[in-house]
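Take a look at these structures.
Next come two complexes, and both contain subunit A; in the first it sits with subunit B, in the second with subunit C.
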Partner chain A sequence: MSQRVFVTGMGVICGLGLDWKTVWSGLLSGRSAVKKWQFPGVQNFPVQYAAPVDDCSFANRFSGLPFLQKPMERRIRFGMAAAAEAIADAGLDDISSLGRVGVAVGSGVPDRDPDDFMLALTEQGPSWDALFSKRDQLNPGSGLTWTNDALGASIAEQYQLRGPVINLSTACAGAAHAIGLGFRMIRRGEVNAMVVGGADSVLNLPTMVGLHLLGAPSTSDQFGDRLCRPFDRDRSGFVAAEGAGILLLESEKSAHARNATIYAEVAGFGSSMDAYKITAPHPNGNGAVLAMQRALKDAGVLPDAVSCINAHGTSTPLNDLSETLAIKTVFAENRHYQHLRVTANKSMLGHLIAAAGAPECIATVLSVREGMIPPTINLENNDPACDLDYVPNLARRESVAVALSNSFGFGGLNASLVVRRYES
Partner chain B sequence: MNHKKNDAIVVTGLGMVLPTGVGMEPLWSAFVSGKPAFSPYHNERIKTSLIPFFGHVPQSLLADARQIVPHKLRRFTPDYTACAVLAVKEALADANSSWSDVPEERRGLYTSQSDSTACDVFSFAHALDVSYQANGIDFQKFTQAALHARGVDPFLVIKNLSNNVLALISLVYRFRGDCGAFVHDESAALSALQRACFSLSHGYSDIALVVGAGTYNEALVLTEHYKLGHLSPCHQGKNSLRSFDLEQDGTLLGEGAVALVLERTESAKCRGAKSHVVLGGMVSTAFDYRAKTRSPLIAKKVLSLFNQEGMIPQNLGLICADGKGVAQNDADEIALIESLIGDAPVPVTSLRPIVGVLSSAGPLADIAMVSAMFEEKAIPPIATLRNPASEKIDFVREGVRQTSCETGLTLHTSFNGFFGAILLKHPGVLS
Partner chain C sequence: MLNQPSHSVYLDFPGIYSSAGVGIDRLWQAICAGPLSPKPLHGASEAWPQREAYLVDRFDLSALRLDRKMLRTVTGQSSLALYGAHLSLAQTDPSSRFDGSRCGLYLGLPTIDEEIPSWSALEKAPTRLCPTDLSDLFLRETPPLSGLTLLNSSACAHISSTFGLTGTMAAFSPFSDAGLQAVIEGALSLIEGENENVLVGAVSPTVSPVRILQYDHLLWQGPQRMGEGAAYVMLRKGQDEEKSARPVRIAGFWRTFGMTETARVEALSSAIEQALAMAKIPPSAIDWILADSTWTQINHKAQMRAMEICFENNQSCLPLYSAESVTGVMGPAQPMTHLLLALQGMRTGRKLLYGPHGAGLEEEMTGTQYVLVTACGAHGQFIAVILQGRYQ
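Showing the complex of A and B:
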């Protein structure tokens, strides 16, 4: 029998805060985590703004968790902290007591310490023997020694979870795919609960150089810390961020049995591929249309029941236009798109890349629970082609029964989640 | 058999690019004749005597594989992705051309891929070398080195993304349906298979492509495995991967890609496609570093799977074990097999001595080989096994065993504690 799936615990680590309540409060007040930023020891790096996690605050906040003190990549550390928060938020001392519990998480490119690369250097050029002979000097917290499945494995190990452990890498749609797969697994009865979400940190030299060479992050300094401006005429690229978002999804039966706090219901998931270009979305958002339509069908929800969309909204010229067109296609009947509220959390959080879908899904959950829609900040000059109601600059109090959360990734991968208000 | 005939998920297309070459025939031939496909280790950037042999995809094949990728996409394509694109071509051809009648939006794609460090290690080292100054890295010099001296590939991030295989295949073969890109190693292959089966069973897709691809031929990956003592010193040349042998001293790593086309039985019948093998179900365990052995947990799960299918393990036709040749992995597998079948004479073989550890392509290659065993009514031997580490287990050695089987179980371990099993059935069980 198909099970309903509820969100019963949440955790967020990002530049805006180290718990979901702080982050939610920041989003509603239009506070931005984007700030002036540079790599230590690197001069003239063209990307000058980012939304990093504050290391001192993080260390202070989580000094009591011994499992975070051992060497590990930044993204794994953020993910583990967010998982700890989500599980505590769910009121669980022992999550394995829920029975069959699995993990599904999305993450991106491993963090690579440039000093590790330098170990390969000799006067004659790079050499593996040189690297091998200095192998003990490899940074134990760097992705070079951690594999891309380390987050899921670490969560499962820490909490003794024996259910399926799924590690996804669908670029910027990674966390949304992970939430979607976790949702499906509970709904069909494979498991009772899933720890789902994502973690990422691209604020390392190799990855940022790679992203810069693709022209993805903005190098503008025109707007200072107001640089991330989804749907604005002057948007010029995304602003990189780091962090994690983890949700505990639980079957209706499990949540009711332990009288858990239910934040909202995850009601549908859709995924698709553009099959258009590696580095650009389809100009009409064809893949995004498919993902949204599939999610709505999966949830048994008609388009006119949706009142809010938490957009991917990267602040890149291509994404924001194609997402707008996709929304207009999906909600074309009776021009329902004119009645939608479309918000872009990245205007405040920056782009958490593979993790992005998780804090945005959490914000969507809170929107349907509390009837508050965070604003899209820095929306100062309307782009005539982006003509939806993007909730500019000020949060709005409005009842939201059903909302969508969109995530689209490099390679033309799309995911959309339907979140429904829980009526007890 | 519990399968409702039209609900079962079947494999209708098989394609592979492995150290043995392209397609099933050379792999099966090497497996049957017990000829390992390892070759002397080579990497244009790595000169070492510490890794004598490796399961390389032949250079000429890599060139062919790159030709299959449309020219405009080659700049985004590492070699193992090119192998995956070629493997998919083979699998789709094998699946009968009418697969293309399935609308693009109904074609699901599920990939499993390894981490990739190959693209950046030495290129970054070079670029950093020329840009490093007393007060740090001068990014302008770094960029110059990166862009003009070819120090850094401008598509580095794209090539390193673990959804690279998924992105390229969706573009080349027009797959626009449900999807997932999983990392990494054997566990990712099982995740991809499970999600593909789910997607087909629940009507999210009408055809599903499962692809596993990767290589261990990367400086830092090899460094790690060497450091962890996984690699055989190859004192016995190409015959050094000694699965389940008392004299084993480590494994040999390899590379390649395998693609499987999955469908619902009814869809396959409607298309007139041949079913190679039925996916009877699969189980996997989470990672558990604290456990001394993982076999009790996986044994419980495998037994549960058999119960669901109305089977008992002792009646299995064959087991295609992983047999990495790494002490802990093989010990775990032996404990599992013994606990599952006791003294029952279920033949056990392994493909690893022929092609090495293939990362996420490994489980898919094993499925392909079990389908061949069903078809050929023959179980190839564990090529290098001389002194079995278990007296109880009926390891196939010293020649092919002629026998007709209707069921098979593949077992999979990874270097990071994962354990999985896939139950396979002869397509005849559906008739």
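Showing the complex of A and C:
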């Protein structure tokens, strides 16, 4: 018999805050983590805005956690901190007491330290021999010596977990995929609980150069820290961010047995591929349509039961239009799309890339729990082609029984989650 | 999960490209002929712990009529992934009109090919380069679409776009467990009614100096060599396969984790025991074990000890085989390759064991057959999958 799956713990690390309560409060008040930013020692980098985690605040906040003091990749440090918060938030001293528990996390591009590459330079140019001979000098927190699965393994090791440990590599849909697969594992009875989510940091020179040359992040200086403006006429690209979001998912039986606080139910998951271009989403959002429809079917929910969508909403010209068209297709019956509230958290958080789906799923959970929908800020001039209710600039109090959270990755790799209000 | 007839998932259309060449027949023959010699790595020096590997020859992707922009984002491993997918899908429909609209894609991927874009940019660096000049150098010398080549998941997009697959998907990384995760999640997506067919596959890393650097850091233990390759199979759920004379189905699986030496033994033992329980068979029913090509001491010891515990026997008496002497160690593609060897063995009623002088020794395997395939992730992720076949 399949199990219902509940969210019983949450943790977020991002530019807006270092715990979910601060981040949620920031989202509701329309506060933005986007700010003027540059690489240390680098002048005139074309991308000038980002939503970084404040290193000083992070160090102060987590100085008491010894396992965070070891050298590790930036994304892993954020993920470990978010996992610690989620497990504490669930009221668990020993998460392994829940029985069989696994980890599923999404991650993106390894964090490359340019100084590591400098070790390779010789009079004759770069040399792998030179780099190999100086391997003891590599930055111990650099992605050259860390691997994509290190976060999942580190969480499992820290908390003595024995269930499946999985790393998802589906670009910007990574965390949503991890949450979806973790949800399925509990539902079918493979595990009692899962630590799920994602962590990422693209604010390193090689990755940001790659993203910039792709034309993905905005280089505009027209709007200052109001640069990230999903669905706005003047949107010009995403604003890169970093951080992590981790949720503890638990079976109904497990959550009830320990009288856990239940924030909401994860009710469905759907994924799809665009089968279109590597460099752009399908113009009609065909892949996004499939992901949303599959998630609704998986949850046994009709489209007219949905009242809120936490959009992927990247602030790129292509995504926001195709996502709008996709929503209108999925919710076409009786023009239900006219009654939907569509919010884009990236207007405040920036784009956490592979981790993005996790804090956005947490915001969706809190919307259904508290009946509050965060705004899409900086939406000052509607794009005529983006004509849904995007909850512009001010949060809205409104009952939300069922909500969707969308994540669409580079190359048309899509994931959608259905979150349902928990009625005790 | 898999022990009800209505939940049976069958394997078909194996597609593989390894150092032995194209196709599972050729790999089987190469194993029987004896170990292959690895090839020297271009530019390798005495300092490197590995100076040779099981490399694949480059192949022509022009038959796939790839989009121009896509070609510019295809890295070595993504190219291998595409070619492997092509080898499987080309068997599904001779008219090449495969309907991908209900076909899912589940992949095991390595960490992305490392040296792009930074290394190619460094090659154009002036003799004296200040760290503060790196930004300008990278901006000037990095290829425009490198943002997509930085993502290992671009391989999924390449396959989806090239073959028109729009079913459900997931991709896992970066070690051998990722290959079997793809098999398990692909099979479950069929059981849970999401797809009619699922293409599952895995690809090796491209052997490069940075991989040697990383594997050295992860304590690569010695005699094995890295290998390149891609292995794919189509999963189906349906009546046609049940009526077939030689169906091969997934009978059980389990996945676990353990980090310390003791925990790893317990984790793999538990994975094997639970997979046997799901398949509803005793350990003695296993005809053939295709063990992961472990490359760290801790995983090697864990795998051997877990086999002894689960099968109550000395490892030298077990029907154990691993293909690394012909393929090299192929990361996520290693257990996928073993899965394809299992499929081939069950279809032909034969298995491969270690023979004299390193050559594979063929033995008969008739009646109802069960084959165990294991994967041991570098950080302690363990998976066991059991296949069931019937050779008449």
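The working rule: the second predicted complex is superposed on the first by the 424 of 424 C-alpha atoms of A that agree within 3 Å, B and C clash if a C-alpha of one lies under 4 Å from a C-alpha of the other, contacts with A are read in each partner's own complex, and residues count from 1 in each chain.
Going forward, contacts are C-beta pairs under 8 Å (C-beta built on N, C-alpha and C of every residue); 3 or more make two chains touch, one makes a residue touch a chain.
Owing to the predicted nature of the structure, the values given are computational and were not obtained by experimental measurement.
Asker: Answer with clash or fit: subunit B and subunit C placed together on subunit A by superposition.
Answerer: They clash.
Asker: Quick check for you: in the superposed arrangement, does A:Gly108 touch first (subunit B), second (subunit C), both or neither?
Answerer: both
Asker: Between subunit B (first) and subunit C (second), which does A:Gly300 come into contact with in this model arrangement: first, second, both, or neither?
Answerer: Touch partners of A:Gly300: none, neither subunit B nor subunit C.
Asker: So, does A:Asn148 touch the first partner subunit B, the second partner subunit C, both, or neither?
Answerer: Both: A:Asn148 reaches subunit B and subunit C.
Asker: What is the contact status of A:Pro283 with respect to subunit B (first) and subunit C (second): first, second, both, or neither?
Answerer: Neither: A:Pro283 stays clear of subunit B and subunit C.
Asker: In the superposed view, which residues of subunit A touch subunit B and also subunit C?
Answerer: Touching subunit B and subunit C on subunit A: residues 39, 41-43, 45-46, 102-103, 108-110, 112, 114, 117-118, 120-121, 125-126, 128-129, 131-132, 135, 144-145, 147-149, 153, 156-157, 161-171, 177, 181, 184, 188, 205-207, 209-211, 213-214, 271-279, 287, 290, 294, 409-413.
Asker: Can you list the residues on subunit A that touch subunit C in the complex?
Answerer: Spelled out, the residues of subunit A in touch with subunit C are 39, 41-43, 45-46, 102-103, 108-110, 112, 114-115, 117-118, 120-121, 123, 125-126, 128-129, 131-133, 135, 144-145, 147-150, 152-153, 156-157, 161-171, 174, 177, 181, 184, 188, 190, 205-207, 209-214, 216, 270-279, 286-287, 290, 294, 409-413.
Asker: Quick one: which bits of subunit A touch subunit B in the complex? Just the residue numbers, please.
Answerer: So the residues of subunit A in touch with subunit B come to 39-46, 102-103, 107-110, 112, 114, 116-118, 120-121, 125-129, 131-132, 135, 138, 144-145, 147-149, 153, 156-157, 160-171, 177, 181, 184, 188, 205-207, 209-211, 213-214, 271-279, 287, 290, 294, 409-413.
Asker: Under the definition above, what is the set of subunit C residues touching subunit A in their complex?
Answerer: 1, 43, 45, 47-48, 67, 69-70, 73, 100, 105, 109, 111-112, 114, 117-119, 122-123, 125, 127, 129, 131-132, 134-135, 138-139, 142-154, 156-158, 160-161, 163-175, 178, 181, 185, 188, 192, 194, 209-210, 212-214, 216-218, 255-259, 263, 267, 270, 377-381
Asker: Okay, in this complex, where on subunit B does subunit A touch?
Answerer: 43, 45-48, 50, 73, 76, 104-105, 109, 113, 115, 117, 120-122, 124-126, 128-129, 132, 135-140, 142-143, 146-147, 152, 154-158, 160-164, 166-168, 170-171, 174-185, 187-188, 191, 194-195, 198, 202, 204, 219-220, 222-224, 226-227, 284-290, 297, 416-418
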